[in-house]
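Multiple structures are listed underneath, in structure tokens.
Shared chain: chain A. Partners: chain B in the first complex, chain C in the second.
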Partner chain A sequence: MSNDLANKAALPMARSRGRALLCYVIAFLFAVYCIFPFYIVITTALKNDREIFAWPPVWLFHATLANFYDALFVFGGQGAGTFILNSIITTGASTVLSLVLGSMAAYGLARFRFRGRRQLAFWILSTRFAPPIAFVVPMYLMVLQLNLLDTHIALILIYTSMNLSLVIWLLRGFFAEIPIEIEEAALVDGYTRIQIFWRIAVPLVQPGIITAGVLVSIFSWNEFLFASVLTQTNAQTLPVYLSGFSNAMGMAWGQYMAVGVIALLPISAVAFILQRYLVRGLTFGAVR
Partner chain B sequence: MTRDRLGPRAAWLLIAPAVLVLLALNVFPTLYALDISTYYWRLAGLQPPRFIGLRNYENLLGDDRFLNSIWVSAQFVVMAAAIEITLGTGLAFVFNSRLPGLATLRKISLLPVMLMPLVTGLVWFYMFNENFGVVNWLVSLVIGHRVAFLTTPNLALLTLVIADAWQWTPFVMLVVYAALQALPEYVFEAARMDGLSEWQIFWRVTMPLLRPVIFVVLVIRVVDALRMIELVFMMTKGGPGGYTEVTPWYLYVTGFTSLNLGYAAAMAVLMIAIVSLLSQFLVRRLAAGED
Partner chain C sequence: MPTIEFKAVSKVYADGTHAVRDLSLFVQNREFLCILGPSGCGKSSTLRMLAGLESITSGELLVDGIRVNEVPARQRDMAMVFENYALYPHLDVFANIAMPLSAKGIAKSEIRRRVEEIAEVLKLQGQMRQQPRTLSGGQRQRVALGRALIREPRIFLMDEPLGHLEAYMRVELRSEIRRLHEERSATTVYITHDQEEAGAVADRIVVMEQGRVQQSGRLTDLIDSPTNRFVASFISEWPINMLPATVTTNGGRTALCVGEARPALTDCQAAVLSGVAGESLELGLRPEDVELVPPGGPGDLPGRVIVVEPQGGMAVIVIETSVGRLNAIAETERTPNVGALIGVSFPPGRVHVFKPDGSNLFARDPAASKG
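Let's look at the complex of A and B:
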């Protein structure tokens, strides 16, 4: 019986050896398909030009770090160093800012009753769907008129606004799950509401904050559109550096793949650490 | 409950900063786009913006390039979403069969979701390359010759769909898988006791229970595929001959190559309208589930 239940929702599969084998084969092929482009990025970054342009493709080659050296220190005059630094600054600052503002708002929405609370929550959710491309023109003019073109602060604020809906919706669910008695007890002990929020509620939703933080920082790290339009030299981020590639069609695959490897480093942590709350994060709490 | 003990004042103190940011960087730009769209506003020229009412919108409706971009976007969104939802749902069932080792494969499969879309474009651009791409090598092993995927009119859009599906099918799989895991067991027990066969259970019990979740991912995927620009940027630049010119790309080129801001803003307003309409479905559904 327990065995039967284990298969509860499954397709009529995995009942027999044959079906189990089929599942393994499909799952294995899919995983290979998913991982293969990563393999291409990494190996191309390690190849020399002759091997990169070889036909048929070379599978065995002498790995070299020359492309990484070029990408980091030489390419485009100064290499990718500044771009990486800019990416870290904008990603870090926008993540912290959206976590602070987002967790406050999430707590306010989860723990207080006031008129229009639901409407407010759903309006915040709807901002998630705003297509960035549609905001590029007005944002460009706003940033231009505020004299903030090519500054970190412009990108940081824009990324914060793009990330707030995720943080708020994810954490609202986490806050709502805290047993209210804990906070009531603290209230009796003389804590103010703000102290309860910082000292009691926030530490209790730590998994949610970590999940939101990682997801949000990946979105900021990956963001290309605003970065490409709003920065020129000072505040250019890694995606902007990568986008320069297509102007130099086919010139420097190895170096760009090396930048690609740098760009994908932070993400590998996520897929493995975050499994548990990933779905909840990516669907704004719609699916748990 | 203490929910309202201190009243709305503390609540507003907590919520206001986030709301202010959203008002400034979401609501204001929307209104500003509306305003810009009523002007002839060129960034390059020295003349000040000139008010022209709804002329930009009239021009858009007669602009073949714009209408083409809508058609291309529609094709892209329908193909990408259809593949992602179908494959992702099917794979969710595969991964839901409880066999040792599948969890590891599932975790590996999730990596594409987090990849920088520009890198997705870069690597697929490289793999589809006619002269040294590995996809072309595989294709030539099967059919005997190479294919110019990226420069053949109908194939170019397909390469974008494939790259997009590679990145997002795992996302659909993960969400549907999570939903499968959360389905209540007693439902299946009851169905089995009623003597339903496995296929009947699948079609009459499992699928109806999954429908809301599939609906949620579908809307998310459609809305996100509509805004996709990175793959076009890296792989095709809208070519060949406009065959991959999705609306976001046309908007981008109009705004930042032709520097025709008023016209681009009119396109932006139309996009916001369409996306808001679509996302309303989702918001409604979630709102219904909240009570």
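Let's look at the complex of A and C:
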């Protein structure tokens, strides 16, 4: 009897084990598919020119940082340093600005009932309906009029405006999930609305703010279209710099990939460090 | 000294819900007032208007005789305890209790001293560095009480503070709340839907239903002399028996007819009833007031026992009569057998007679107890 039971139990267990194995294989293949480009970028950046073009590919080689040195300090006369700095400035400033403005707007939409609240929220979302390229020319003319061509401010303002809708819609749900009594308790305890926002609401939606911050900074860091149209030398960001690589002097693959690695690093580091908040943030709204 | 007065206060929400209608209520200094009622009766809206969390649609709210309708919540100097505790989840117990003091910008050392004092009163010393989510329900509500107490407010507001707690915890904490009220000589407004809890803590109970005050008084007043049908059935340990009744007058003699029964009346009661002869009335008699007598007594209602449910030392006895079923409570050893024929007697002081509009004809001076 008990033997019978054991057999019956063993069968589905074996089946589920087989299924799990299949899952792992698929996941592994998918991971290889995703990671392979990164592998190529990183190894190419570490090879010398001969190894880069060798066929069959050289799997084992003496890693060199020469490409990084060239990319950072020599290439194109000044290296990539300025552009890295430009990217950091525009990404950092636009991320902070969109989080500050966006969280306030999201709180207002979540907590106050006013006429046209839904329409306002929809309008905010609708700012992302058209493809960005539709705005390039008018945006260019506006920036030109404001005398902001090739400045950090131009990019910061544009990225902020493009990111706000995402921040607002993401955080609105987070703020709405805070039990209203917590804020009412604070009102009775003697706090003003703005104090409640900073001291209670913002700390409670911290996972959401981190999630929004990561998404927004990835967008700003990688944005190419507006940066290429609106900047030339002063405020040019890494993606634009990267795209200009091929024209300058043939294709310097090693240095090109070195800049690619440099472009990858900061944002990957941020995402990696914050990933545990990220996961919590993306599920917070759903489960409660 | 804090007194609270509602003057014809109404609350209508944006969706048209008329939560509170024409509420007039005076709360004395150092009084412990309970607002009791079923959910949706307007008791929470009343408390929230008092706290300043909800605007007042019409009427006036006075604290110490001064109109506070427009005073924001943070300036009312009231402390509130919420049903779901409403602790700040990202702060530890110490910081939660300290919050009202940090709002006032009080010095750190002073805050520490007072928080520790409160923690001792509420036996929370061991939990000061814990996050709210690691606490039990009882501990959480103690923290919420601590947060309310630390401000030494003039007025305590409690919105079903024990609603989410286990029964034994409720009994323990409610006596604690009463003790703290005495010690602080505060004025307390306490909301509950539990009459036992209300009776245990309150000096006075206000019963609300459909946004209106139905009756106010001590629990015994509400039980002995309910002003209307709603209070009679809501404030009742066991559901009150309601039997159809009429009044006949025959040669100057007024009689109350409940089926075959003619309950004895006092002169005063007879005088009141003579005015409603012929109307279809309802007689209310609480199960604990039902007197079971041998069948055949004059004026009694004959019936047959159909169910006996023992409950500890008492038993609920269901009796079938010509005017419907009624329940009686009797000590277990004096319980009749199922199927036995018995008489139901109506003790004159315990009978309530309700008019079709619900008002109790036998209530003692309903005007005096109208809040």
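One rule holds for everything that comes next: the second predicted complex is superposed on the first by the 245 of 288 C-alpha atoms of A that agree within 3 Å, B and C clash if a C-alpha of one lies under 4 Å from a C-alpha of the other, contacts with A are read in each partner's own complex, and residues count from 1 in each chain.
In the analysis below, a residue touches a chain if its C-beta (ideal position, glycine included) is under 8 Å from a C-beta of that chain, and two chains touch if they have at least 3 such contacts.
Source: prediction; values computed, not measured.
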item	value
Partner chain(s) touched by A:Phe68 [first = chain B, second = chain C, both, neither]	neither
First, second, both or neither for A:Leu164, with chain B first and chain C second	first
Partner chain(s) touched by A:Ala54 [first = chain B, second = chain C, both, neither]	first
Which superposed partner A:Gln195 touches (first chain B, second chain C, both, neither)	second
Contacts of A:Pro203 with chain B and chain C, given as first, second, both or neither	second
Chain B versus chain C as contact partner of A:Arg118, first or second or both or neither	first
Which of chain B and chain C A:Ile182 touches, first, second, both or neither	second
Partner, of chain C and chain B, that touches more residues belonging to chain A	B
First (chain B), second (chain C), both or neither touched by A:Gly108	first
Where chain A meets both chain C and chain B, residue numbers	113, 184, 187
Contact set on chain A toward chain C in their complex	113, 179, 181-182, 184-192, 195, 200, 203-204, 206
Chain A partner contacts - residues on chain B that touch it in the complex	1-8, 10-15, 17-19, 21-22, 24-26, 28-30, 32-33, 36, 91, 93-99, 101-102, 105-120, 122-124, 126-127, 129, 131-132, 134, 137, 166, 170-171, 174-175, 178-183, 185, 188-189, 192, 198-199, 202, 206, 213, 216-217, 220, 223, 226-227, 229-230, 233-234, 237, 248, 251-252, 255-256, 261, 264-265, 267-269, 271-272, 275-276, 278-280, 282-283, 286-287, 289-290
Residue ranges of chain A in contact with chain B within the complex	4-14, 19-20, 23-24, 26-28, 30-31, 33-35, 37-38, 40-41, 44, 52-57, 101-102, 104-105, 107-109, 111-115, 118, 120, 122, 124-142, 157-158, 160-161, 164, 168, 180, 183-184, 187, 193-194, 197, 218, 221-222, 224-225, 229, 238-239, 242-243, 245-246, 250, 253, 256-257, 260, 263-264, 267-268, 270-272, 275, 278-279, 282-284, 286-288
Touching residues (chain side chain C, partner chain A) in the complex	14, 51-53, 72-76, 78-80, 82, 84, 86-90, 99-100, 103-104, 147, 151, 157
